[in-house]
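Can you keep this structure in mind? I'll have questions shortly.
Per-chain numbering from 1; labels A, B and C assigned in written order.
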Amino acid sequence: MSASLEKGINALKQVIDAPIASYFNSCVHCGLCADACLFYTETGDPKYTPIHKLEPLRRVYEQEYTLLGRLKKVVGLSKPVTDDELDQWQSLVYDSCTMCGRCSMVCPVGNDIVYMVRKFREGMAASGHVPDGIKGATQRTVEIGGPMGLKWPAVANVIRKAEEATGLAIPVDKEGADYLVLLSSMEIVNFPEYLEALAKIFSKAGISFTLASDAFEATNAGIQIGNSDIAKVIVSRIVDAAEKLKVKNVLSPECGHAYMAIRWEGPNLIGRPFTFNVVHVLELLDELRLKGVLKMKSTFKEPLILHDPCQIVRRGGVLQAAEPLIQQVADNYIPIVDKQKWNWCCGGGGGASAIHTDEAEALRAKVFQVKKRQIEEAGVSTMVTFCANCRIVMEEGVDHYEMDTKLLGLTELLAEHLED
Amino acid sequence: MNELQFLTWVRGPGLDIAVGIFVLGVLWRLFEIYSLGRKKDLAAPRHAAGASGLHTVFRRSIPPPGGVKRSPVSYIGGYIFHIGLAIVVFGFAPHILLIKNLTGLSWPGLPSQFIDLAAVVTMAAMVVVLVDRINKPVKRFLSTFGDWFTWTVTFLPVLTGWLAVQHLLLPYTTMLALHILSVEILLIVLPFTKLFHAFTLFGSRWYNGKVNGQRGVPV
Amino acid sequence: MQGPLIDTLARQGITRRTFLKYCTTLASMMALPPAAGLAMAEAMAAARRPSVIWLPFQECTGCTESITRSHSPTLEGMIFDMISLDYQETLMAAAGHQAEEALQAAMKENAGKYLLIVDGSIPLDMDGAYSCIGGRSNVEILKEAAAGAAAIVAMGSCAAFGGIPKANPNPTGAVSVSDIIKDKPIVNIPGCPPIPVVMTGVLAHYLTFGSLPELDDKGRPKAFFGETIHDRCYRRPFYDQGKFAKTFDDEGARMGWCLFELGCKGPVTYNACATVKWNGGTSWPVESGHGCLGCSEPDFWDAGGFYKALSVPADPLEFGAAAAVVGAGAGVAVSFANRAKKRAAKAAHQTTTLADLEK
């Protein structure tokens, strides 16, 4: 019970670095980042302009780390950041920012705005301005093991069912395996077929793998809430398990921010490089495809489009894997205009989907229009993605607008059509 | 003080003071900004073609796909006035002579009729961009005193320079002196306003390219 | 010399036709309607010669030389015949007390009607002791002579603006005529020296219309000082094309390109040299290959160097290096302060636990 403004400001003072200083000094208020943000394009409200979401951070930077800013603060020209102000900003920083990073792609002076949002959240978390939904998810992850409150017996149950369905053994806590397979709670609950598909593919490719009973959950609510200390606790479970089991690779599931947490933030959170590789499941599948291991017995006939999850593609760097994979399994893949690193967010990333206030849900439904348009323009009734969170958020959107669009997971789709 | 004395002052002590403050300000601000440093990225890098700081420094000069269509005034107007300013500042023979005098660097000038045209087009573009700032909700929402102020101090040198060459409004000597004075004001405020993006934009683009380049994303 | 001016001119071999042509040219130069040439010729030919008093102060006699010295008699020189030059130290035969008496007599006889021409600046320091005539200071003589004058012509840059005597550090406290005399019409004809035809033009206008020509804000006849040297320069096309002589003996100089880079002050100098030229229309400074010094502008001597282009700094950038050092110093100081602050923030960091997420 000790979050305070002072702690928040201190956290911001800690995270402000040369890139942030350079970014704030470069901003010319051109407003072009707004064009890249679905919260602005779908609402037309200027307060959703990405750079505006960082205004308190900018003032802390100016007041703490520039000579003129300090002077301005002393003479009262620059007002100090207050608790009330941060409270106002909470919805801008969490409800209406999914950390999709599209704004960082368009800024003409090169500002990496999402980089700053991530840092700003450190201050928001330390000062206690975090939406209850994300706070709850974080609590469950730390205390129980996953954001949905799932425990190992539930996972063991899924493993047993997968073993029954495939007739293949799914090892647990096996030392020296090629891959440590991580799951996300959403997959465990909603798409248990994921594990079956993986078991089949690994068996075909002759790759050894294992699950870890003390580190099965890949998601990291600490990243979303924006607190490195908590994120470190969560990511350390995976690092410890991987090192204990001496695996060569850790396989990140489809889930977008899980990949961001383990692949890119992980080493920086624990303060040292990993002794193992982190691989996204699509990277592995694409590699197997190139090796000819991934053979299809049939193909998906209906026309479909692809939704590239932000944290895996634009922010994660898995740019090229999805398209050849989907072309392998689908006859009628229709590339959309804004694809890969230019794709539009589902509207629920960065923890936003965990916020269940009426305002946040209404806003999510509103911004889903950008996806709705993409689906309608392509004239398809199937959209494939490779992030469980994107999928759930978009399913909610589809329900909201009473569309007949079907959402599929890419790995799941591949598994369905995989040669036996 | 008559106009020739005014001109002599702005060419002499005035310019000295302005360039002095400019140099002082630029160095101070650059140290202030970049000495904050950043943490080394410990994640194993993914290498991808075109994903680096340097690539982004250049790539960000090109609008993103669909950008021009969404915000034509910002992009086209922005291009025109930036390029126009560059032509006028670096292509006009008297300016080159000043640069040569300060740095020893020199290159051939452009015909003055062309400079004239460029100045007029630049001013027109700047006015259009200003109107856009007033009209477009996002820009108006983001605008602070600094935005209007920096627009003015950027516009005045072009306007006074053009008026001087065209012999409009005031005698040439006075207008030339006002022109040099307006440039001095621009030099003095540049390090302390958003105009400093002229320097930091390279660093910003580089950081963005570098951070995302580590992940193999050409941004 | 007796009788109307035209007879005097005729005696010197100048025909009526030549005189008329001259007057027409003069009129057009002063932007008067063509008919004014004829009026001017008639007025001048028949004019009763007005008394003119010419006072020399801190000067070099260059202005007098400019108007009077030429290898053959010129119309400008002849124009002296249309006035009664009652006092001009350089030209008059009388000297000493006789000369001063002539001055006093002329002032008395023509009180309120004479034209006063002044060349040279007026020193004010040490009660004007720097320049005296017959034991009286210039300023005293000027005030006395101005009191009875109908109008004053400040001839040359010294009288008009203070000129070279006023150049920094102005040891004599030199000032212009208009700095002292405030209650009389004053025409400034600056130039070092001024163009002779400007002088005659002003006189002709005064004789013809009984008034002074239209003046600009610096008291100069607009007809001659309305445009800059640069605007009327025959080398202007080279400026517009960006063709500049870089040294006085390079290819550009030989090709007659623009002298802007060699310090030509044409763009800020208002005078008629480019159109009227010098020495009977023979040539003028820019034509002879040297940039304009701007000698008809106030304080031209202190305008940042004759050979420095207008767009370059008048003084070397003396603060540049010092500013760089101070700027870097300030930057480094702020850097240290910032780094200390960031370290302190890290030290103050308490590891966040779940409980810390609540307020």
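Just so it is clear, a contact is a pair of C-beta atoms (placed from the backbone, for glycine too) under 8 Å apart; a residue touches a chain by one contact, two chains touch by 3 or more.
Keep in mind that what you see is a predicted model, and the values were worked out from it rather than measured.
Looking at A-B alongside A-C, one finds more C-beta pairs in contact between the chains of A-B.
Relative to the centroid of every protein C-alpha atom shown, the closest chain centre, again from C-alpha atoms, is found for B. Note on chain placement: the centre of subunit B and the centre of subunit C lie 39 Å apart, centres being C-alpha means.
One inter-chain figure worth recording: subunit A and subunit B are separated by 38 Å, centre to centre, where each centre is the mean of the chain's CA atoms. Centres computed as Cα averages put subunit A at a distance of 77 Å from subunit C. Touching of two or more other chains is recorded for residues 28-29, 32, 35-37 of subunit B. Counting partner chains per residue, subunit C has residues 330, 334, 338, 342 touching two or more of them.
Residue positions of subunit A with contacts to 2 or more other chains are 16, 65-67. Those residues of subunit C that touch subunit B in the shared complex are 218, 228, 230-231, 239-242, 244, 260-261, 267-268, 270, 294, 297-300, 302-304, 309-315, 317-320, 322-324, 326-328, 330-332, 334-335, 338-339, 342. Every residue of subunit C that touches subunit A in the complex is listed here, in rising order: 330, 334, 338, 341-342, 345-346, 348-359. Residues of subunit B touching subunit C in their complex: 2-5, 7-8, 11-13, 15-17, 19-32, 35-37, 93-95, 97-98, 100-102, 108-113, 167, 171-173, 176. In the complex of the two chains, the subunit B residues touching subunit A come out as 28-29, 32-39, 41-44, 46, 48, 51, 56-57, 60-61, 63-67, 70-71, 74, 78, 136-144, 147, 192, 194, 196-197, 200-201, 203-209, 211-212, 214-219.
Considering their complex, residues 1-4, 7, 10-11, 13-14, 16, 64-67, 125-126, 128, 130, 135, 138-139, 142-143, 225, 227, 229-230 of subunit A touch subunit C.
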